[in-house]
Structure formats: structure tokens, C-alpha cells
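Two complexes come next, and they have one chain in common, subunit A, joined by subunit B in the first and subunit C in the second.
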Partner chain A sequence: MPQKVGLQLPHGMRDLLPGDTKLIRDLENLFVDRFSRWGYFEVITPVLEYYENLLPAETPEDQFFKLIDREGQILAMRTDMTTPIARMVAAKIGQEQFPLRVFYLANVFRYESPQRGRQREFFQAGVELIGDPAPTADAEVITLAVECLKEAGLEGFQISIGQVNFLKGIIDSMDVDSPVKDGITQAISRKDFVELEMLLDKQRIDPGLKSMILSLPALRGGVQVIDQAITLTENVTAREALENLREVFHLLDVYGVGKEVFVDFGIMRDFDYYSGIVFEGYSPGVGAPICGGGRYDRMLGKYGLDAPATGFAIGMERLMLALETEHQVDRTTVDYLIVGSDPAQAIKKAQELRGQGFSVLVAGLGQSLPVAARKKLEL
Partner chain B sequence: MEENNTLLTIALPKGKLGKDAVQILNAADYPTEGLKTDSRKLLFDYPDSKVRYIVCRPTDIPIYVDYGAADLGIVGKDSIFESNKDVFELLDLKFGWCRFVLAVPRTTAEKHTDPDGRVNLNNFNHARVATKFPRVAEAFFREQGIQVEVIKLHGNIELAPMVNLAEMIVDIVSTGATLKENDLVAVADIFPASARVIANRVSYRMKYQRVQKLIEKMRDYVDGGGKTCD
Partner chain C sequence: MPQKVGLQLPHGMRDLLPGDTKLIRDLENLFVDRFSRWGYFEVITPVLEYYENLLPAETPEDQFFKLIDREGQILAMRTDMTTPIARMVAAKIGQEQFPLRVFYLANVFRYESPQRGRQREFFQAGVELIGDPAPTADAEVITLAVECLKEAGLEGFQISIGQVNFLKGIIDSMDVDSPVKDGITQAISRKDFVELEMLLDKQRIDPGLKSMILSLPALRGGVQVIDQAITLTENVTAREALENLREVFHLLDVYGVGKEVFVDFGIMRDFDYYSGIVFEGYSPGVGAPICGGGRYDRMLGKYGLDAPATGFAIGMERLMLALETEHQVDRTTVDYLIVGSDPAQAIKKAQELRGQGFSVLVAGLGQSLPVAARKKLEL
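Up next, the complex of A and B:
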């Protein structure tokens, strides 16, 4: 064993050993194939950017890894990929190429307290569809997310979908000050129903409206939930949000993924950042969402190019955890191990099999290799 | 997914809060036969009802729930706030009432009492505060715009001012008897706390129907007066 003292990694950073790396790369390859079939092209942006250009990510300030360059500029590591891509699109691509379909496989960094499924460096795979405001765009990215999770071999997952403007419309129409509205919004997005009820009581909200708001998170299920919700409000914004949700849901049915998707008005994600449809994917055994996304029509405007956009990201580590919870994942096994006393013969056979697309290892007689093989050939 | 076939794991606190929790589970038609939160047994399985209970320290319950080791937990708001874990707070069970207070020795309080009978907290700038709840204490003083040195202790906080480890304490009180015995007086209320039901954010969605049904039954019991505790 090598000496261990002095070889530690910073908190929240990890090495990916061959087994983990193979799993992550295999998944990425599946996703690249899937994204390409839908006409998305890969982009790469730098890990480091000017801090101020990353602010639209709305990551809490203390979660950025920051450094100062020799000219005194503040640089930061990206905390997501949507923000750098929005910057890149505004600066380098422009609306002539809309609707633009791009995907990425990238590591991002957040200074959070590390725990299972949450490191300070983590890997994401995702897509952005920029310049298309239609429900067909939302349905496309949600379907793509579902296909990716299925393709990865994940079985017991579900996608919850909501529309932030539904609640926003209802809360905006309330006759209270804006800090109270923020408090209500936060309580709902944190799912702190106790706080929510206390806030509504304190403001002497009309009992009908109060019980309606309290019942919203319980409104959950298939498309019929949208019909239920529409009877609850006269607010124009809220009703438009529901119509939008209905259209997206209908398209998801057409795509054949309606079974995996549930309406959930409690899904808020980040209220300021998202502007329409939002969704999250869950798997039993992983205590946090494995993927998430939605419509963010205000983001590109912050870079001077107003454009509607929608997309999602899959958390690769969380997906790996979910897959491992469901079944044993085969990691470092090769297809063939060839053992022979005549090296020339063994090499010839190995090359023949490699040519056919198999992974092959050659061992001398009596030599043992620390890798499992599906088939052993003794020549 | 047939969610009713999946196991629901509920974390219960040891001690007095645990007994009230068992009572409310019983009222919600959940199995409680042989369930004790003060025995050595930490796991209770009821396979017929697809329920498992785990019994742990109250402060650990938000951690079990955050990681998904338990789907639901019953625990005091004090432990939830202090843990700062990302869990959903579904229901106020309205038992196990207590409140967070800032307390100082009686002599100190008398010295700093304004003519209108209130203790001005500005007298405590840069003072030391002993507490089991550093997050609560830090949040409170930040809100007041007062800088203090927070000293985290694990128990018997009331000892700290007596031996000059700290000028004040932040602690939870239910009756106030402990403060009185140690010649301490509460000079500010921070917030009240009671028992809550918390949920893991994924379990809340994956096991939604079972969770919601249980919550509604508990809510009926609580709203119907249930049992009120001191």
C-alpha cells in the first residue's frame, strides 16, 4: 500500500476509480446516443468563468468556489451548466440559430456540506432547448429525460411535473404585502406546511382561499388533477398555467411517457429562476431528486438576448446510487480472458476477438489477473 | 408502481415525546402493539401493515429522514431547526410544547433592566452564550444585530453562567422550573416549538398516498382536540 498520509483530497472531492468511472462513462455514452438521436449537439464551456457572469445561476453566494486572478478579477467555478450555456449562446451563437438544441456532460462545483449523493464536485448530463416557447419544447425535454432514465436501466422512478405560474398567479392575487407573499412562496417550496398554515392564519387570509392553498400540495396525480385545479381559481395567470400544463401533459401521452409523469403543484424548484413548467425525477432509495429541469424564459435576457428556453440535468452520482439500489451493477468485467503457453497464438486470438468488438485480456500461463472475465479461453 | 406494497419506515424519538407519538399513531390506526420508545429495542417491524418503526435520539431524527433511512419522522421543531436538514414539515402535532429562550442570571437581568421593565439586549454585545442549539442562537443574535460568541455544550447548560463559562444561555424550556432553580431568568423569547411530522422529500412523492392518508388521520385527531400535553 502506498503511504496514505498527505494524500487526502479536499472535502467533497473524490477520485473516480475504474469501476465507478466505467459506470459513469457507460451511462454518458448511452445519453450521448440518445441526445444525438433527438438532434442535440454537444457543447463544452470552461470550468472557470468571471464570477459576475455566473450570478444568474442564483446559486447562494457562499456555494461558489472563487479565486482572484492576477489582474484582480474574481473568477468562479461553474455551479451548473445552464448558466454558462446561456452566456455562451448570448455571446457566440445568437437567435439566427434558434431553436437551438445543445447537450453537455460536465462536472460542476458547489461548496455545500458533502453527504451521500452530494459532493462538492459532481457530474451532470443534460440538454438545453433555447428559442422555442411552445409546449412541444417542454414535452420534448421531459420525454428525453424519461428516455434517458429508462435507457440507463432505472425501473422504479417517477417524474413529477408542475407549473410555477399556477401558484404564482394565486399568490400574486392575494391582498397581502410582498414580503408575506415571499414567505408563503418559500414555505410552499420548502414543503413547510406548518409554517404555511401559520402565515395564512396570521394574515387573516379568507378561509376559502386558505383551505384552497393548503389543499394544493395534496392535489397530485394524473391529468385529472388539472381539471380539479381549474375549478379552484379564477386567476388568469393561474388558469393559463393550467392550460399550458394540460397541453404538455397531452403531448407526453402522445410520446408514450404519460405513465411515468405525475402532476405535482408542490414542485417549485427555484421560483425566481424558473418561469413555467418545472419537473423533478425521483427514485426510491435516493433521498434527493436524480434529475430536474424546466422552463427558464428570463435567464438569457440577463445576458442581453431575450429568449425562451427549457432543459434538464441528470445528476450522474445520484443516478448511479439509484441504479445500485435496484440491482448489482456489473463494473470491471471483461468479455474474454485468454490463457496460453504460446504468446503468439494467444495474441492472434485476442486480436481476432477485439476485432469483433469484445474486450479481451491475455495472461501468461499461471499468471492471475485481478479482473473478472465472462469467458476464459485456454489455448 | 404499486405504492401500497412498499414498506413505510417511521422514525420515533426516545422518551416522553415518543410516548405521545405512539399514541397518535394508534389513533391513526397504525399498529402500536408492543411498540415502546424507551426500551432497548430500536427496530419494530409490523410486516402485515408494511410498517417499520425505528427509535432514535430526537436530534438524529432529521438526519435519518434527510438520508431516506426513514420516510417519516416525528420530532420537535427544536431538533428540526437545529439540524438544518432538507426535510418536508407536514404537520404540527401540537404536543411536546416548549419554547426557546435567552436567559441570564437574575442579578445580571436586574442590573440591565430599563425603566420600562425590559432588558435591553444591546448590553450583551460580544458576550458569550452557552447552548445546545448553536444554530438557533446564531440566527437569533444575527437578527438582533448583536455579536456574540456561541459556545456549544451538550447538556446542563444552566451550569455555564455559574462557573463563568458564559454570560447567558439559549435553551428550551417547558415549565421554566430549571431556570428558576438555577436563579436564571428568561429575557427574550426566541420561538415556540412543538412536535412535527417530517418527511423525506423523495418518500413524500414515491409513497405519497400512504403518507397523505396517515397525515390526514393525524390531522383529524389533532384538530379534534386529541390529547394536549404540557
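Up next, the complex of A and C:
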């Protein structure tokens, strides 16, 4: 093959050089340690699955990397880990193991426009707590997310928490068409007041209800926001959602992470996918959420095992982006550089120091090494 | 979506449940530690690349998982890590960083018949030492492979080591057609004496040369095998290969791993890909090599950066298979199980113990947990 082979990567794919990879590795180790302390066990699922078995992910069809195998079946690369894990639990674990706590560190793939901190292949760390319907389960995963971000050294982040049934209860009770309901939901989610007002103006609805809905995107803050919201609606579903949110908030205080968490009814993530508490973590300087999750009680049922579940995922690249804006660390230095003219002597010294746990390089004869060393040892 | 979604995985894909995943994680941590002590730094490359840029891997075309992107380009999932790393080094690192030491822990994909310890997606841990042509570099990566297998707790394994130019020199000097040469090479590699004899019988070659070639597959053992081989041939390439092998052997003794290593001229791996020292690690009870590697001085040149290189990869599933036949360990137990009727009290105790580094689960009210705990704490 005398001809030179190309060096380019497909759009949205990238190499990670030693500095970035070391940061990912260090963060993953912290998360493995943290997840393990909470009694979560790691699982691995394959990158490629039957496309139709991944549909519960509710990823738009055009965001899947798909291929056709030799039997004519459509395979797809996973776009998240919650869906494959739900399938795995339904197929191979079952409810005898409930409540089941699992975690993952994995690469997922979405065929969408690359953005800052999100390529077409990206890395996630996350947990799933399956088979436990209680608010304690939601509080547990949110606390764990907060602990992970703190442990990673992230400062100044905030967790926004909502409950999809609050808004769903209010909007479902409105006497308008389904597409209008979706439009209103999305406008609130995007905090698009102009669009929201325009949509509401087109409908014949009670002015009180209209002004209440217009106030929702701005309803943001501490636990007092829940009290405020309760005065706004008589809808039973919405009120139950608020009581659920209040209980989770109380538990977060018990866990000692109440200060990092804020109510935000604009947080909705995927409306059909999530079924209760939802949350997102934000850091100054990174526009998109660094982590996100919530309760998804309808997912496992699609695989034939009806079970409540809650969990979250941290976007590793977005977290790295947030951390890099805070501090830059040199991650490619060894402990010892050994320089000597007798290879056997240098090798023996190197092996001795490695046996003690140090990282050691031996410089070749007259050859200098392009790596920084904390100590230089001339033999 | 009321209809039940399928639970099957494509052929050759599998889920890894907590026990297996914990073993992979533990092994990976050992290897990261070991690679780091030798001054290697981790890198990550994308799963998907342009198909044509992966051709230097010399993977048969039908073993690639391929797809066509929206620009009509053929993408493929990586079938090894050496090739993408060579591309990455040529594109983004360059020779100023030579000698470059990198390692990886990655999933790779080959569309071939699944076998014991080798699915269509499988995991590799390995290193590449790029820019160093010396025998010290080959001895370094072989020693590192031995240390990794030992560190993993594997006993009774052997490393077979060869030099592709020994056989290449002998066979190239024969006055036979190229396909015959390939057939002879492959017959020696498979230790297929019958086929080998049949191929040689069809050619008009010197009986002395014939009996020498027939003796090659059985040439296996300690350093004395090199002395024996030198008496068999006057071919310059073959003799230089043996001198190179002798030097690497000597260095392996200096490194203290001579006892694990045996000469085997049947080891050839991919003839076109490897250019010097080649080696494979075997363990009783696992038919295929657990690790393999060698020198590949022609690979980087294909990406426009002419540079010598050597390295190896460990097949994680095959290593796990070898370890499982040796000992089975319970890997899904937590340190503490807390049982109490006051959630706030239980949460506080759990957080205190987690802060001390223990893994802790809190049992729900009346709910038992399907996880083993070393200690039970009733509050």
C-alpha cells in the first residue's frame, strides 16, 4: 500500500489525546468509587442493538447511526444507556433483584449537529435505580449526582428539579387540541414567553388560567416555590406532583444537598419518557446541562417488565468543559526519568522503582524523552 | 407504545452483568496502573472512522461493520486499536513526541463467527511504543505484557515469541511462486505438517531445504532454539532476524521474565502487518491467544509518518475466561446494610459510612435487599 491513507475523521468524531483522556479516566474512577459506595454495580451493554429494540429511547429516528446486517436486520448504535439497560434488566435480571442499582460508563452515539461539549460519539456516566417507586429513590439518585459533581471538583453548579405531572396535569385539563398542548409545553420548556403568550391568545381560555400558565416559566427558586405553585391550581394530578416534589425536596435536605437544588417547572426533558421527578445540572459557562435524569416508570413496561425506575446520566465532555474553564492541570508527567549508559543497570533501577508504585521512564542512549519527569536519576 | 419491544441482541453481541463487569473493571484498573508505571499515557479514538482510513489494519473486508453516512461516505467500526492510533499519531502528535508511549482500553468490532471468549464486540487493553526501533523497545512491551498477565492473577501462562523475518528470509529465497510461498507460510503457522509436506513435495526444491522447512514448526523452546536455527540457514535476512531475537531474549532475562518466554517460529500473526518480533500469550484451557503483538514498522508510513513501532493487545474476554477457570470470586457484595424505621436516621448513618469509604445500602421499610452485605446494621 504505497499510497498514503487519509487522516481525517468523520464529522462529529474526535481523538482524545493523553491530557483529556487522563481527565476522563480520573473522573470515571471517582464516579466508580462514588457509585460503589451507594451499592451500585456496573453493567455493560453492546454498542450495536436491533434498531427496533432501542425505540423506547425516543431518540428521533434521524439521530440513529444505522446499518443493515447480513440477515437484512436493521442494527443501530445505542443513543443512550437507560434504554439498553431497561432491555437487559427485563431480559436477564428480573424483579427478584429489585430494587436493582446499576451504573455505567459508556460511549453513546447520536447523528446530530456537533456542538461544544457534545460530539456524535460522547461519553456518559450514570446510574439506574429500578424497582423502587418511592421519593427516597429519587432523592437518592439526585444526591448521588450532586456528590459526583462535587467530587469531580466542580464548583458553582446548580441542580434544577421539576415534576412533569405538575405541568401535565394543568395542561391536560385545558380544553384545547393536543398539538396546542404540545406547543404550550414546549414554549414553557424553552422559556419562550413570546411564543407562549401567542399560543394562549389564540385559545379561548380563562384569563386566570392564562396568567397562571404565563407565570410558570418564571416559577423558579427554593422550596417556597412549591407552596406558591400549590396556590395556583386545583388540578389533582398537578397537586399530587407538587406533594411528591415537596417530599423529595425534604429528603434532599436530610441528605445535606438542599442548597444545590432549585425548583424549576420549565425542566421537562422528554415529556413522554419521564413520568415524575426530572432534574438537570448546570454549570456557569456551559450552556447545556452537564447532567440530567429523573423518573421513568413507563420504560421497562415496554420490554414486558412493568417496573418503576429513576436515574441520571452525566455528560463527560460537558463536565470536562466545565472543569477546564475552572482549572487546567498537567496530566502527562512521570515520577522518574532514568538516564544511564548501562541498559541492564537502568532497567533494574526502573523495575525497582516501578515495583514501589512509581511511574518510570528510561532514556535511551543519548536520546532525550519528550515527557516531563518530576525527578531525573543519573546512573 | 403498547406493543412489547423485543429483548434479543444481534448475534455476537452480549450484555455483561455486574459480576463480569466488575472483573473487567478490576482488570482495567490493574492495567492502567501497570501501564502508567512504565510511562504510558492513555488515548481514546472514535469507534467510527472512514472505512478506507482503517484499511492498514488488514482486517478482511467482510469483518468490518460498515455503514454509509449522509454524505455517501463509507464509515466502519474499528476492528483494532493499533490502526486508529497510528492514524491519530500521524495526524495529531508527530515525531517530536517520539519515542511515544500510549495505551488504550477499548471496545473493537469484528463481523465474524462468535467463538468462546470472542464476540463480535470485544474489549482490548494494549500499548503502542512508537518511534523506537531498538530491541529494548520490543523487550519492554513483552515484559509489560507478562507483568499485566501476572498482575491479573493468571498462572501457568506462556509467551511464545518469533521473528517474522526468519521465516520470510528462508521462504523468499526459495525459487517458487508467490501463492506457494503464502501456502507454506500458512501451513507452518497452523503447524499443519501434512499440508506443509504436500506443498513442498509439489515443488522442485533441495531435499536439505525441504527437511529444514519441515523442522520449523517443531522448533520451539528456550534460547537454545535460536542457536539451533542459526545452523539451519545461510540466508542473511533470516540470520539477522535470529540475532535480533537473541538480543530481545537477553533483555527479557535482564527484565526477569525470561522464564515465561519461549521461542516459536510458528508464531507469525499477520505476515504483512508485522515486520519483526511477534509474540502471543497462551493459557491452559483457552485455545486462542490471550494477548498478542509485535513490531509493525510499516504501519505509520501508510499514514505519511514513517516510524518504527511495537506494541501488544490483551483480549479481555479471553483473559477473563482463563481467570474464571482458575478461580471464581463474588464481586457483588456491599460492606454495610442498614435497617431502620427512621429514614432520616438511616440516611445519616449511611452517609457517614460512605464518607469513610464503605459501600452502604439502606433497606426500605420492611423491604429486603437482594444484595449480599458483609455487615448488617440495625438502627
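The rule is short, and it goes like this: the second predicted complex is superposed on the first by the 332 of 379 C-alpha atoms of A that agree within 3 Å, B and C clash if a C-alpha of one lies under 4 Å from a C-alpha of the other, contacts with A are read in each partner's own complex, and residues count from 1 in each chain.
Operating definition for what follows: a contact is a pair of C-beta atoms (placed from the backbone, for glycine too) under 8 Å apart; a residue touches a chain by one contact, two chains touch by 3 or more.
The structure presented is a predicted model; accordingly, all values stated were derived computationally and were not measured.
Peer 1: State whether subunit B and subunit C clash or fit side by side on subunit A once the two structures are superposed.
Peer 2: Once both complexes are aligned on subunit A, subunit B and subunit C fit side by side.
Peer 1: Counting only touches as set out at the top, which of subunit B and subunit C does A:Asp264 meet: first, second, both, neither?
Peer 2: Only subunit B is touched by A:Asp264; subunit C is not.
Peer 1: Given Cα centres, how many degrees, to the nearest 10, is the angle at subunit A formed with subunit B and subunit C?
Peer 2: Taking the centre of subunit A as apex, the angle works out to 120 degrees.
Peer 1: Could you look at A:Arg220 and tell me whether it touches subunit B, subunit C, both or neither (first, second, both, neither)?
Peer 2: So A:Arg220 only meets subunit B here.
Peer 1: Looking at the overlay, what does A:Leu379 touch: subunit B (first), subunit C (second), both, or neither?
Peer 2: In the superposition, A:Leu379 touches no partner, neither subunit B nor subunit C.
Peer 1: Who does A:Leu209 touch here: subunit B (first), subunit C (second), both, or neither?
Peer 2: neither
Peer 1: In this superposed model, does subunit C or subunit B come into contact with more residues of subunit A?
Peer 2: Result: the larger residue contact count on subunit A belongs to C.
Peer 1: Which partner does A:Val176 contact after superposing on A: first (subunit B), second (subunit C), both, neither?
Peer 2: neither
Peer 1: With both complexes overlaid on chain A, does A:Arg116 touch subunit B (first), subunit C (second), both or neither?
Peer 2: A:Arg116 contacts subunit B only, not subunit C.
Peer 1: Just to confirm the value: shortest Cα separation between subunit B and subunit C in the superposed three-chain model, in whole Å.
Peer 2: 18
Peer 1: Which positions of subunit A sit in both the subunit B and the subunit C interface?
Peer 2: Touching subunit B and subunit C on subunit A: no residues.
Peer 1: Okay, in this complex, where on subunit A does subunit B touch?
Peer 2: On the subunit A side, the touching residues are 115-116, 156, 158, 160, 190-195, 197, 218, 220, 262, 264, 282-289.
Peer 1: Which subunit C residues qualify as touching subunit A in the complex?
Peer 2: Those in contact with subunit A are residues 1, 4-10, 13-18, 20-22, 24-25, 29, 32, 36-39, 41-50, 52-53, 55-56, 65-67, 69-70, 73, 75, 77, 87-88, 90-93, 96-102, 107, 109, 111, 120-121, 132, 134, 136, 251, 254-256, 302-304, 332, 334, 343-344, 347-348, 351, 354, 357-361, 364, 367, 369-371.
Peer 1: Where on subunit B does subunit A make contact in their complex?
Peer 2: Residue list for subunit B touching subunit A: 1, 6, 66-68, 77, 86, 88-92, 196, 199-206, 208, 212.
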